[in-house]
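Chain nomenclature is as follows: A, B, C and D, assigned in order of appearance, with residue numbering initiated at 1 for each chain independently.
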Amino acid sequence: MAAKEKVLKFIDIFGDKMQEHRQALTDMDQAIGDGDHGINMSRGMKAVAEKREELAQKNISDLLKDVGMTLVSKVGGASGPLYGTAFLKASMVVKGKEELNAQDLSDMLKALEDGVVTRGKATTGEKTILDSLVPAIEAYDRALAAQKPIKEAMQEAEKAAFEGVEYTKTIIATKGRASYLGERSIGFQDPGATSMAYLIQSIQEAL
Amino acid sequence: MAAKEKVLKFIDIFGDKMQEHRQALTDMDQAIGDGDHGINMSRGMKAVAEKREELAQKNISDLLKDVGMTLVSKVGGASGPLYGTAFLKASMVVKGKEELNAQDLSDMLKALEDGVVTRGKATTGEKTILDSLVPAIEAYDRALAAQKPIKEAMQEAEKAAFEGVEYTKTIIATKGRASYLGERSIGFQDPGATSMAYLIQSIQEAL
Amino acid sequence: MKKFINEIENVEIEMFEGLSLAHPDVVTRLEDSNVFVRATKKEGKVALVSGGGSGHEPAHAGYVGTGMLDAAVPGAVYTSPTPDQVYEAIKAVDSGAGVLLIIKNYTGDVMNFEMAAELAQADGIEVASVVVNDDVAVEDSLYTTGRRGVAGTVFVHKVAGAKAEEGASLAEVKAVAEKAIANLRTMGAALKPSTVPAAGKPGFELGENEMEIGIGIHGEPGTHKEELQQADVIVDHLMEVILKDMSLDEGSELAVMINGSGATPEMELYIIFRKVYELLEKAGFKVFKTFVGDYMTSIDMAGMSITLFKVDDELKKLVSAPAKTIGFTQV
Amino acid sequence: MKKFINEIENVEIEMFEGLSLAHPDVVTRLEDSNVFVRATKKEGKVALVSGGGSGHEPAHAGYVGTGMLDAAVPGAVYTSPTPDQVYEAIKAVDSGAGVLLIIKNYTGDVMNFEMAAELAQADGIEVASVVVNDDVAVEDSLYTTGRRGVAGTVFVHKVAGAKAEEGASLAEVKAVAEKAIANLRTMGAALKPSTVPAAGKPGFELGENEMEIGIGIHGEPGTHKEELQQADVIVDHLMEVILKDMSLDEGSELAVMINGSGATPEMELYIIFRKVYELLEKAGFKVFKTFVGDYMTSIDMAGMSITLFKVDDELKKLVSAPAKTIGFTQV
């Protein structure tokens, strides 16, 4: 399967997961936020799915850019600019590429992180998207350094991402809406970190 | 016991009954009205009770007038003008009297009815105060005609009043707020007829 | 019962105190009473007095001011004020040109206001009254107490108030109020009942999948319960009843009020209006002006009513005239 | 969930349609969008744009009009609008004098509005922005996202809108908005949570005897739950937190807003104001002007907030200036 088909497959899987976990992500956000994260993400990925044919005509960079623009203009809230900018940054690092190797995937993942950080100005440990994304990237790079194949590296990334989600239960939110709860945010899983873990999982499953 | 003391005792007993049945009368009014009849009547009779010492200084006619004015100015809703005017009319038929015989009591009861009819323009069978008051008066007069003593006559009046209350369950309201319910008002007891039955009972108990 | 209140028996009085402290430039509360009059009495004009139970806020004290009422007398919650209170209001606002009482058609309101009118007339004050009965949910028949006065009452305050402000005579103000009443129709529905503080529990019960059709404004049950429907279906049903009772011609112009009962989000009121507009347009009627909001509430009921008000040139002018009150300001 | 709605996914769009059909003389909805602009564009002045999630009605579309906003962009329920939408609004209202964005301090709102500003600035439009953060319930710290923007935002719309209407420059309008923000403090409490239509169930749970203190306006839980208290006790508590955070002197003048969350009867808001007034008077502060009602709601939440706004001569003039919008009209 060509790289572009894999990217499209990743987008499809992520879209399906956002529909599937719509209620669960919303429930998580009700506990410590305003109860719309699942609604937001599923609305955005539904809009992406509606463009599926158009996307299939584009090259990898352009289709990622289109996904980013669609998320920016359909999601709203905090997750729209964060996920949107993440995809836009990812689109930039694969400009002109028709194939993607293991290093390209690493660059893309870092571009996602760069997008989230540029917009959200958070670091790890603040109970955000970054708490699943950053450990996933670290796990992936570690696996690559250990000469593991790309699929296996992404499996380790996925594992690290969901561990990151578990970790969010133990910390106080200091960014985003959950930060208003202070100590009361402890014990709850961060919805944004969770949706990001599903994104990592979607990449892994698409490989 | 002098007649005036009996009238005062009747007012006391009626006041107590309105406090005692406040919730029940309100519940009845919630079913087919706006849920305030017990609140209204107890507010009015509480205001009467607060004037108890003043009332005791007055003659029978004046004290009944005072009760009527107090009800008019404290109860509001439909029952305020109806009960208020009833007491005002009753006060007029006993003007100048210091003793009350069985016929005087009959005149007073009819004056109550006259007050309710003047204000409310209803007749029996419309699911109102009149449906306990009118049968009570009829029963009282029948008993008097049969030479029964006043206490016994009032006991029959009381019985007829509560039968009237039962009867209200079987009919459609065509006056007052319950009339908006049409057929839906069947099956429910009329709160105003019920409070009037307690009034009749209070007279009986005061004798 | 969960409410932001203190002792239940102080609910009305504390509300009255808050209201008069909040808007001293618009209304004055007569000392120790439940009578609200304009902060600045306007002399020489016909005075308008209305009232009813409390629990309908902003009605009626919220409509005291330029272009609407001269006095409002709110009674206990859902209970008509008493004759002596209304009498005080009449005396306070009369400036020789006469007083019009705007009464909603309920046995209690009619009797208490009538007694007040008798007291004032005995003093030589010219008093006239109109009885608003815009609720088409209940059948109008000679053998009943007739229809209730509900949200349409606000339009009567508005047009009679504007007419009086113009300097019209008592007879003229009364005539325009009666014309308004003849042209007004309202019907409502509720999803959740209201709770009278002193009663402590809701006025009726509704299942998770039920609604009450044909509600009044006193938390009383409506004409019947129905299975919960989508907004458009409810609007269809209410509009059918309302329109059947009005004589409208192609091109008739209407003022429309979508009234919230106190706990209905504006979001829902606008969704309702959207459908009302669609139906009116399809039928060939013209919406002249629209009012959406809490105008005549039922404490914390989640409900709404639709009022259609057929307007001619005179009524259009009066509906559009300026008004400055707590609950209704228009330039 | 019981609501007067149709299909859940159409809630926002049907509300937008209803709103623009109801008030064509005040607002125009840009075709097929969620951008509301004044029906008559005022040229040559600084333009004000605000927005946020839907569910806060009348905020923000209800504040578009003379003396307040030039455009409002309501997003999905409780969700910030997106950058392209805000960008459309900016382009529609700019008439060369620059555009001020009034943003409530939420991560999502700030990011989306910032992206919109970047897009507009790339077109050469002068764009400035202020971030409202009046909620004292949450601690302000360099290590958090800071305080939320809540009901006080309406005062920012009011004074910045009045300043812009006077013909002030973008820098001047921004400066007065920032002065207002520095002088605004709000805190709220709720008895019942709100239900986002798409979520289908309440945002948090409260027992029959519990209340939520320090609520925001998005149905999110507050800072903590407490046992239900009488209104005066709740007011005491909220006022203590608010006043501790303000620097007031004897004789300081305040505009006060008692804001309802959507399902709170006016009756309760006035009972609350009564106590607020008593406390302010006792402390030697002067109430300059009072606003009681649903200004910044949370759909169907039964809750309220108290906003104190310290006003100097300039702010007093701007608070009192005329305004003509759907949700706020003043002469």
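The rule is short, and it goes like this: a contact is a pair of C-beta atoms (placed from the backbone, for glycine too) under 8 Å apart; a residue touches a chain by one contact, two chains touch by 3 or more.
Everything quoted here is computed from the prediction, not taken from an experiment.
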{"item": "Chains contacting each of chain A and chain D, listed by label", "value": "none"}
{"item": "Distance from chain C to chain B - Cα centre to Cα centre, in angstrom", "value": "32"}
{"item": "Distance from the mean Cα position of chain C to that of chain A, given in whole angstrom", "value": "54"}
{"item": "Cα-centroid distance, chain A relative to chain B, in whole angstrom", "value": "75"}
{"item": "Chain A residues counted as touching two or more neighbouring chains", "value": "none"}
{"item": "Multi-chain contact sites of chain D, meaning residues that touch two or more partners", "value": "none"}
{"item": "Chain-level touch network, classified as line, ring, star, complete or other", "value": "line"}
{"item": "Interchain contacts, given as pairs of chains that touch", "value": "A-D, B-C, C-D"}
{"item": "Touching residues on chain B, where the partner in the complex is chain C", "value": "26, 30-36, 39-40, 43, 72-82, 119-120, 174-177, 179-182, 184"}
{"item": "Chain A-facing residues of chain D, complex", "value": "53, 75-85, 106-108, 111-112, 115, 137-139, 143-145, 148, 196, 198-199, 201, 203-204, 216, 218-221, 223-224"}
{"item": "Chain D partner contacts - residues on chain C that touch it in the complex", "value": "2-7, 11, 14-15, 17-19, 21-23, 54-55, 57-58, 62, 191-192, 208, 211, 228, 230-232, 234, 262-274, 277, 287, 290, 292, 294, 297, 299-300, 302, 304, 322, 324, 329-331"}
